[in-house]
Structure formats: C-alpha cells, structure tokens
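Paired with chain B in one complex and with chain C in the other, chain A is shared by the two complexes that follow.
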Partner chain A sequence: MDLALQLLFTGIGIGAVYALVALGFVLIFRATNVVNFAQGEFSMVAAYLMVVAIEAGLPYWAAFIVALLGMALLGVIFNLGVYYPLRHRTYLPVIIATIGASILLANSVLAIYGPQPQVLEGWFETPGIQVGPVYLDSQYLLIIGVTICLVIFNFWFFEKTLLGKKLQATSQDKEMASLLGISVSTMIMITFIYSAVLGGLAGILVAPVLFVSIQMGSTIALKAFAATIIGGFGDVAGAIIGGLALGVIETFGAAYVSVPYKDGFAFLVLIAFLIFRPQGIFGERVAEKA
Partner chain B sequence: MPLLEIRNLVVRYGEIEALRGVTCAVEQGQVVTLLGANGAGKSTTLRAISGLAKPTSGDILFDGNSIAGLGPEAIVRMGISHVPEGRRVFPGLTVKENIMLGASNRRAPTSEISREADAMFDLFPDIRKFTNALGWTLSGGQLQMVAVARGLMAKPRLLLLDEPSLGLAPVIVQAVFKIISEIRRNTTVLLVEQNARMGLSVADYGYVLETGRIVLGGKPDELWGNEAIRAAYLGGHAKVSA
Partner chain C sequence: MRLTRRDFAAGIAAGIAAPYLIKGAHAQGATIKIGMCAPVTGPAAESGGYAIKGAKLALEAVNKAGGILGKQGELIVEDDQTTNPGIVLAFSKLAAQSDIVGFLGSIRSTQVHAMAPDVIKLGKPVMIGGTDPNLTHMGNQWLFRCRPNDSYSGRVIAEYGVNTLAKKKWAVLHSTDAFGTAGGKALTEALTKLGAPPVLDQGYANQSQDFTPVVLAIKQSGADILGSYFTFENDLGIFARQLRQLGVNIPWVGSPSIVNITALKLAGPALYNTYGVADYAEDSSEGSKAFGKIYRDAVKVAPDNQSSWTFDAVNVLAQGINKAGTTEPGKVREAILAIKKFPGAEGEYNFDQNGDGLHGYNIVKNDKGKIVFDKHIEFND
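The block that comes next holds the complex of A and B.
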C-alpha cells in the first residue's frame, strides 16, 4: 500500500509532464488541424536554454525566464517559418514541415552542444519531504504544482476571456472567425507561442528528473502523443487525463511487472485503446469546449 | 451614390468562372435581393464582397471606396457583415459567446459587448432561453437567429444574408423574414435567396443571376409581372403576397 502511494505520486508527477506536452499538441492541432511533430523538441530546446543560461551565470529564476522567453520566440519563428507559408496547403505538407523542423532543432542542438547529456539541477535545494509513508520528491511536487496552476490558467483563459473565445472560434471555423473580424493569423500565432511555452515548461520541469539530452524531446513527445490518443484526440481535458493516466500506468508497470519494459507499457495501453476505443476516453462528445 | 456598387465583377475558382461580369448596386437603406438557381453565383457574389473570394477583375465599391481584394477582417471593420450560408455558428461556443464574437470587428470593452449581446435577445426572443447552450445543440431555425444576431453585433452598415431560409420549416422562415423586415429599419441588406417569393416579399429591388451574370433587375412587382421571367428564373407561377 505504501509502495502504491509512492508510485502514484511519482506516476502523477511524470504524467503531468506528458499532460503539458499533450496540451501543446492538442492546442496546435485544434488551431491548425495539424499534429506538430516538433512539440517534443520544444521541451528539449527549453531544457538546453536553461542549461546554457545557468552556465552563463544567471540565477535559476532568471534562467527560467530567459528560457521561457526563448520558447515564446521559438513559437513565433516556428509559426512564421513552418506553418505560415504552408497554411493554405493540405495538412500533409505541414506535417512533413513539422517533422523537418523537429530534425532541424534536434541536430542544431547536437551541433552546438554535442552529444553528452547535461545535468540540470532542480529548483529546490532540499531533495524532498517525508509525509507518512510517502517520500515527496521536491521536483515532482513542483511539477504537479505548476501543472495544476497551468490547467487552472488554461481553463480561465479559454473559458473566461474574450481572447480565449476568439482562439476557440478560430480553431472551430477559421473562415467564419475571419468574417467576424477576428485576426486568424494572430490567433494562430498566439497558439504557437502558448504551445511552445507549455512544451518548454514541461522540458524545464522534467529535466532535473531525467538527463538533458537530444533524445529527451522525442521520448516525451511519443508518450504525450499516446496520451492525446488515450484521452481522445483534440480534447483538452482528454490530454490532461490521458497524460496523468499514462504516467501512473507506466510507473506501476515498471514497479510491479518489469522495469526494462517501462516504456512498453505506455504503448501497450496505446495499442489497446486503438483497438478497443480508438476515439479515446472523451472522444464520443459531438463537440466540446477547449 | 449607392452604398455598394459592383462593376463588371469576375471571380474564378481555378478553371471555373463563377462570376462572369456582375454589375449591380445597393442603395442606402434598401433591402436588395439576389435571386437565381443553384450555382448561379449568388453566394460567390457575397463572398467576393466580404473578401472570402478574390475578384479576378472588376471592382467593388463600398461608399465609393474600392474594397475589391481586401481581406475579410478589413472589410468587416469597414462595416460589411456577412452571415454566410449554413449559419456557421461555432459549435463549441455558447449562444451568448457566439453573439459576443460578432463584435470582434470593433474595439469595445468586454462588459459593453456583453450588454449589447443581452440586448440582442430583445430582437430574437426565441433564442433567449438558449443563452448558455452550446451552438451544436440548437436547431436550424435557432442557429439562423444566432447567426443573424451575431452578424448584427458588428453594427454593420451593410448586412449580407446568404440563404437565411434554407432548410427551415415554413413557420420558421416566416419568423426569420419578420426579423429581416425589422432589421431593415436601421441597416441596408443584401439578401441572397433561392426562395424568390420570400426574397421579393421584403425587398425594394431584385436582381436575377444566371450562370454568373445578372440577367434582370427590377422592383419586385416588375419581376413578378413578367410571366416568362417568372417561369424561367423565379420558379413557378405562385402569386406573390406582398
């Protein structure tokens, strides 16, 4: 029982990272009808930006701000360089462009920084606290805390602000949105910036738990992609629930069945969903809110 | 000077010439209806006016200024609001939110837009009880009301209405046209209709469009008076009630 509680905590922690990246997937998918295959690289780039900023002597909080600003800028560049020129084409050229961007980002970092994995310290000095039978790792606590805040922010932003409504309108019917005077290109720009920052946050948060490596992006993105399918593709709540569920399942699987097959469990669940419930957990709704 | 003037407008979709030189005008304060069969180019005309379709040649003058080739966001800011075919109410937003977004063409505080949206329900009392219902849960007639209310939120000087009666039960069509006759007190309307009888019943002037060209224009009673024209373009021999 104690072990189960401990695993649940860790699982939710790692699941929260998947949830954040999955949220980025979903928001871009809804705005552009395209899966952004570079979403994982956003996490990787942000983690490296963090490492570079700290090596440059910035305090942790300043490095954090620099990394997030860098991600916002990357979101702008990505939108203008990858999506915008192809926006009137079908989804296929855009998807291929995001795959190309993902390869470009990974190899640019490789060329600049070399293949050695880097270590990023966590935010807190103290490694964690013991609460009853469960040891709460401080970095996992931070991940869970930030994710809760972001989910609340996301809800407030999309449900309570007029800008959020315009973003939703754009994702539901771009032509109609433009007829109302909503600047569709601005809305899509905001979506890319927001998704890049979300992905970046996930990368910075998870970096102290993993190593900072070129491959970290694709590993996280694969899991996050699985999470969006489990949750119901294109569904915001589904992305979050799917991410958390996946984190918990793979953590329990690793502990009780087999550690080497940890990554396998995520895909086993994914395959099971694709066979038995391809629409995902929330997939049956006719239409839903962001 | 007419509020809207279209001169020799040509619109091509690839190889297909949807409009082959359309010339017509809408006077300030009028309701003008554009009649014609399926594929005659009625919707394309509206799409060209609102900026969704790029004119190949010809000109569109709004208040004397050329708007041909401008984007839809710029055109709606100038005061032309387009309620497109199929209503296009955002399915995942509530009725109130849909209506509020109609004011996206102008700068106003959210609280003011919210009040104006509430006031819209006085003109459309039938949808008041669906204020917080999501768009996809509404029926066709209700969607049409929401779409028109949303179009009016732009405070347009010219309202473009595309097939508001399409797919609606006759009693709902009556309700929609009653609203159009109320709108006309403040707003100039360009109305596209397949239902010639309904279109002409509210219009001051009508044009008949055939395969991308205006073949006829006149006052409603003139259009109805011509037996051959009525049979060919207006569908049937029914007597107009208005």
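The block that comes next holds the complex of A and C.
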C-alpha cells in the first residue's frame, strides 16, 4: 500500500507536467486546427530564460516573471513568423513549419547557451516532506497545485469571461466569429501567447526535477502529445485527464511490470486508444455522410 | 575563338580530374589528418566538448614535439549527435576523406557497435572509449581501446564492495543499452564468482524522467550496497537525487560516469560519499597528474575521463604512426599492438592482441564533491 501511494503521488506529479504541456497543444489546436510540434521547445526555452535571468542576478521571482514575459514575446513571434504567413494553407505546411521552428529553437539555444545541462533550484528550500510512508517532493507538490489552479482558471476564463468566449467562438467557427465582429487574428495571437506561457510554465516547474537541457522539451512533448490523444484532441479537460492518466499508468507499469518498458506502457495505451477509441476519452465521434 | 570537340572533351576531362588532383596534392600536403566523431550536439554535447579539448591538447603537444612523421597533425571533427545514426553518418563523412589516416570513435559502446561494420570496411585504425568488452572481441581488428573495458570495471566494483566495504547484498542497476547491459552482466558475473550474487538486477531505459519505481525496487530488495552503470549524466543526476530523497543511503559504487564533471554538477550532494571506478583519477600516476595540469591550465575545468581518453587516443595513434614510420593501416595496427609501458593520462598502456590498452581501474571516492583517489586495481589475466 505504501508503495502504491508513493507511486501514485509521483505518477500524478509527472502526469501534471504532461498535462500542462498538453494544454498548450490543445489550445493551439482548437484555435488553428494544427498541432504545434514546437510546444515542447517552449518549455525548454523558458527554463533557459529562467537560468539566464538568475545568472544575470535577478531574484527568483523576478527571473520567473522575465521568463514568462519572454515566452509571451516568443508566442507573438511564433504566431507572426510561423503560423500567420501560412494561415490560408492546409494544415500540413503549418505542421511542418512548427516542426522546423522546433528544430530552430533547439539549435538556437544550443548555439547561444551551449550544450551544458544546467541545474535550476526549486521554489522551496525544503526538497520535500515525509507524510507517513510517502515522501512528497515539494516541486511535484507545486506542479500539482499549479495544474489544479490552471484547470480552475481555464474554466473561469473560457466560460465566464467575454475574452474567453471570443476565443472559444474563434476556435469553433472562424468565419462566424469574424461576422460577429471578433478579430480572429487577434484571438489567434492571444492563443499563441497563452500557449507559449503555459508551455514555459511547465518547463520552469519541471526544470528543478529533470534539469535544464536542450532535450528536455522534446522528451516531455512526446508524452504530452500522447496525453492529448488519450484525453481527446481539442478538449481541455481531456488534456488534463490524459496527462495525469499517462503519468500514473507509466509509473505503475514501471513498478509492477517492467522498468525498461516504462515508455512502452504510455505508447501502448496510446495505440489502444487509437484503435478502440480514436476520439479519446472526452472527444466526440465525428462522422462524414457519404 | 572556335571551340572544337577536342577542346571541349579536354575541358570536361580537366574539370572532372581537377578535384581529384587537388585532393591528391592536398593528401601529400603539410598535415597528417586525424578524424574524430564527437557529440557536438545531443544529450552528451557537454562531455563531447571536453573530449574535443582533450584531443586538441594532445595534438598540440604532439605537434610541439615534432609532429607525426615530421608533419603537423590536424584534427577533423564531425558531430555524431550522440546518436547511433549520427555517428554512422559522421564516420562516413570522415571516411570519405582518403587523407585521414586514423580516427577517434566514441566513448559510448552502443555508438561504437553502430559504426563497427563501416570501420571493418574502411580498414583504418579507430581509437575507441566504449567499454563493452565485446567491442574488441568480435573480430574487428581496427578497434583500439583507450579505456579499460567493463570486464575489469565489473570485477573492480565487485571486489571493492565485497572485500573492502564488506557488503554482500547487492542491487545492480544498469542502462539497457549496449554499455549498460554489458557492464551489468560483467558486475553480476564478478559478484557471483565472489559468492555474492545480486539480490536485484534492474535495467532502465536511457533518458528516463523518473526513477521512483527503480528506487522503490532497490528499497524493497533489502540490498545493502548498490552497483551501477549509467550511460547519461542526466539520468544519473535524477536517480541520485530521488535515491536520497526516498531515504536510500546504502553505499554506492558506480561506473566511471558517477565521477564525471557533468554528473557531479547535476547531482551535487546526492553523490557525496559514493565510490566510483574511474579510468581517470588525477592522483593515480605521474601521467595522470601531468595531463591534469595541462588540462586545468588550458580549459580551467577539472579533468575527467571524457577528455583523458581522447588525449591518450591521439597520443597512442601518433606514437603508433611514428613507430610504424608510415601511415599504411596494417603497419600502424601492428605498431599500436606493440605499444607497451606507454604512460598515458588513463594509466600505463600495454596493448594486448585484442586491441585493449588498459587492464585495470582506479577506485575513487566523492568526498563532499572532491574526487579522491583511493587505489588502483590491475589485472594480468
């Protein structure tokens, strides 16, 4: 039982990271109908921005704000440089452009900062607390807390605010939204900014656990992408549930079946969903009439 | 001016032949070229930088001392991207340059396995740092190892843990790649011979983000000592932190990655009081001390095996070519195999007929972040 509790906590912690990145995938997909394969690199860039800001002498909280502002700027640049010029094309060129942007971001950081992995200290001085038989890593606690807050914020933002409803309207039907006087390009810009900040937040939160490295983004993004498919592509709740489920499944699979095949469990679940429920947990079945 | 068919044919012939003539002339040029596959990008990019620095420092020293066959040595580096396809591509690019006389491969066994078929096809000496014992026992006569192989590291870890630390209940943790699997097997065999078969033999996949299940398995096994073979420092850092956080404080004797600079930086206090088998330990010999000084002066960072093996590889290759008196691969091979009592940064080189230059390991301890030499264990069999 003690073992299961410890595994459950760790699984939820790592799953929350997948969920945060998956949320970025979903928001951009809903707004633009394309998958942003650079979402993982957003996490990596933010972690490096944080490291650079701290090295420059800023206190932790100020470095955090600088990193998130930097991500907002990256969201603007990404929208104008990668999505906007291709917005009238089919989804394929845009997806390829996001893959290209992901490679560009990774290599730009490599060229500017070098290949050295970096240590980013966590928010708390205490690494964790022991509650009965379970050790609660303070950084994982923070990640879980932030994920819960973001779920609540997203619900409030998209359901209760005018801006959130405009964003939803844009994601559902761009033409109709435009006819209703909503600036579609502004809404898409806001979505990119929000997704970049979310991805960045995930990167900053997970960096004290996984270290800051060029590869950190791609490693997380692959699992987050699987989480979005499991949860139902395009569904915010699905991204969260998918991420958490994936984290828990792979952690338990590793502990009770096989450690070397840990990643295998995640992708086995993904394949099972693609075969038996391709729309994911929360996705709606889409059919076309002949 | 009228262009005749003959002029045209001559022009085409000259155009086709020119690059080869220029290349041929260049081959006879002022330098002796050594190719190096190194991880400039990818997860091992940081240690790749150290490896390149080590090789360059050696070549500088060789050049100052008269060079190779009286010519200056030149290092040509290709990025292996820390991947198997990457090193195959990097090696093929270097192999296409006919004026390169010898090569430095990888410190990662899995990458050396990937490039090995091309090495046989090319038939030129390739110095390697990969420690999977099979690499020099699979009929590839062009691989020369400048680090002790894992049959020795396994035996040293086992001997130190069982006889010096007096621990019998072992957990063996290893990566599931070629290096980790071979290392884990060697350690398990050595422990079994010493009458202490492991209570846990646990593999893990590289680039894992979480080691909680592994740590809990170690905890549940009741092991009183841990032996490990980690390939990547990121993994080692994450594991070390989680191991200590989850309250496992048993003695830990690890393969050389446990004492390399990147791992020490990432894991910090989580690696304090651990032991490592180290092919490079600064205080283990005069050659090691000399390299340590040269490296510190030039790079301003503490040396480790990432740079020491490439330093030795260039020196051994240069010595082999100079002794052979030619760059003809077969003669260089024989000259390298004949090298005995050569004082390198990693220890004294005595090549055997398989291409293994070193036959023992150092035991070092992490004393609050400082790597302290304990003893050297050499094998004659």
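Throughout what follows, the second predicted complex is superposed on the first by the 284 of 290 C-alpha atoms of A that agree within 3 Å, B and C clash if a C-alpha of one lies under 4 Å from a C-alpha of the other, contacts with A are read in each partner's own complex, and residues count from 1 in each chain.
Methods note: contacts are C-beta pairs under 8 Å (C-beta built on N, C-alpha and C of every residue); 3 or more make two chains touch, one makes a residue touch a chain.
The structure presented is a predicted model; accordingly, all values stated were derived computationally and were not measured.
Contact with chain B, but none with chain C, is seen for A:162 once the two complexes are overlaid on the shared chain. The partner that reaches more residues of chain A, of the two candidates chain B and chain C, is C. In the superposition on chain A, contact is made by A:209 with chain C only, not with chain B. Judged by the touch definition given at the top, the superposed model places A:172 against chain B, while chain C stays out of reach. Applying the stated contact rule after C-alpha superposition, one finds that A:180 touches chain B and leaves chain C untouched.
Residue overlap on chain A between the chain B contacts of one complex and the chain C contacts of the other is empty.
On the side of chain B, the complex with chain A involves touching residues 50, 52, 71-73, 76-77, 81-82, 84, 88, 90-93, 97, 100-102, 104-106, 110, 113, 134-136, 150, 154. Across the complex, chain B is touched by residues 162, 165-166, 168-169, 172-173, 175-184, 286-290 of chain A. Residues 3, 6-7, 10, 14, 107, 110, 114-117, 119, 127-128, 135, 137, 209-211, 213-215, 219-220, 251, 254-255, 259-263 of chain A touch chain C in their complex.
Across the interface of their complex, chain A is touched by residues 40-43, 45-46, 48-49, 176, 202-205, 207-210, 212-214, 216-217, 220, 233-234, 237-238, 245-247, 262, 265-266, 268 of chain C.
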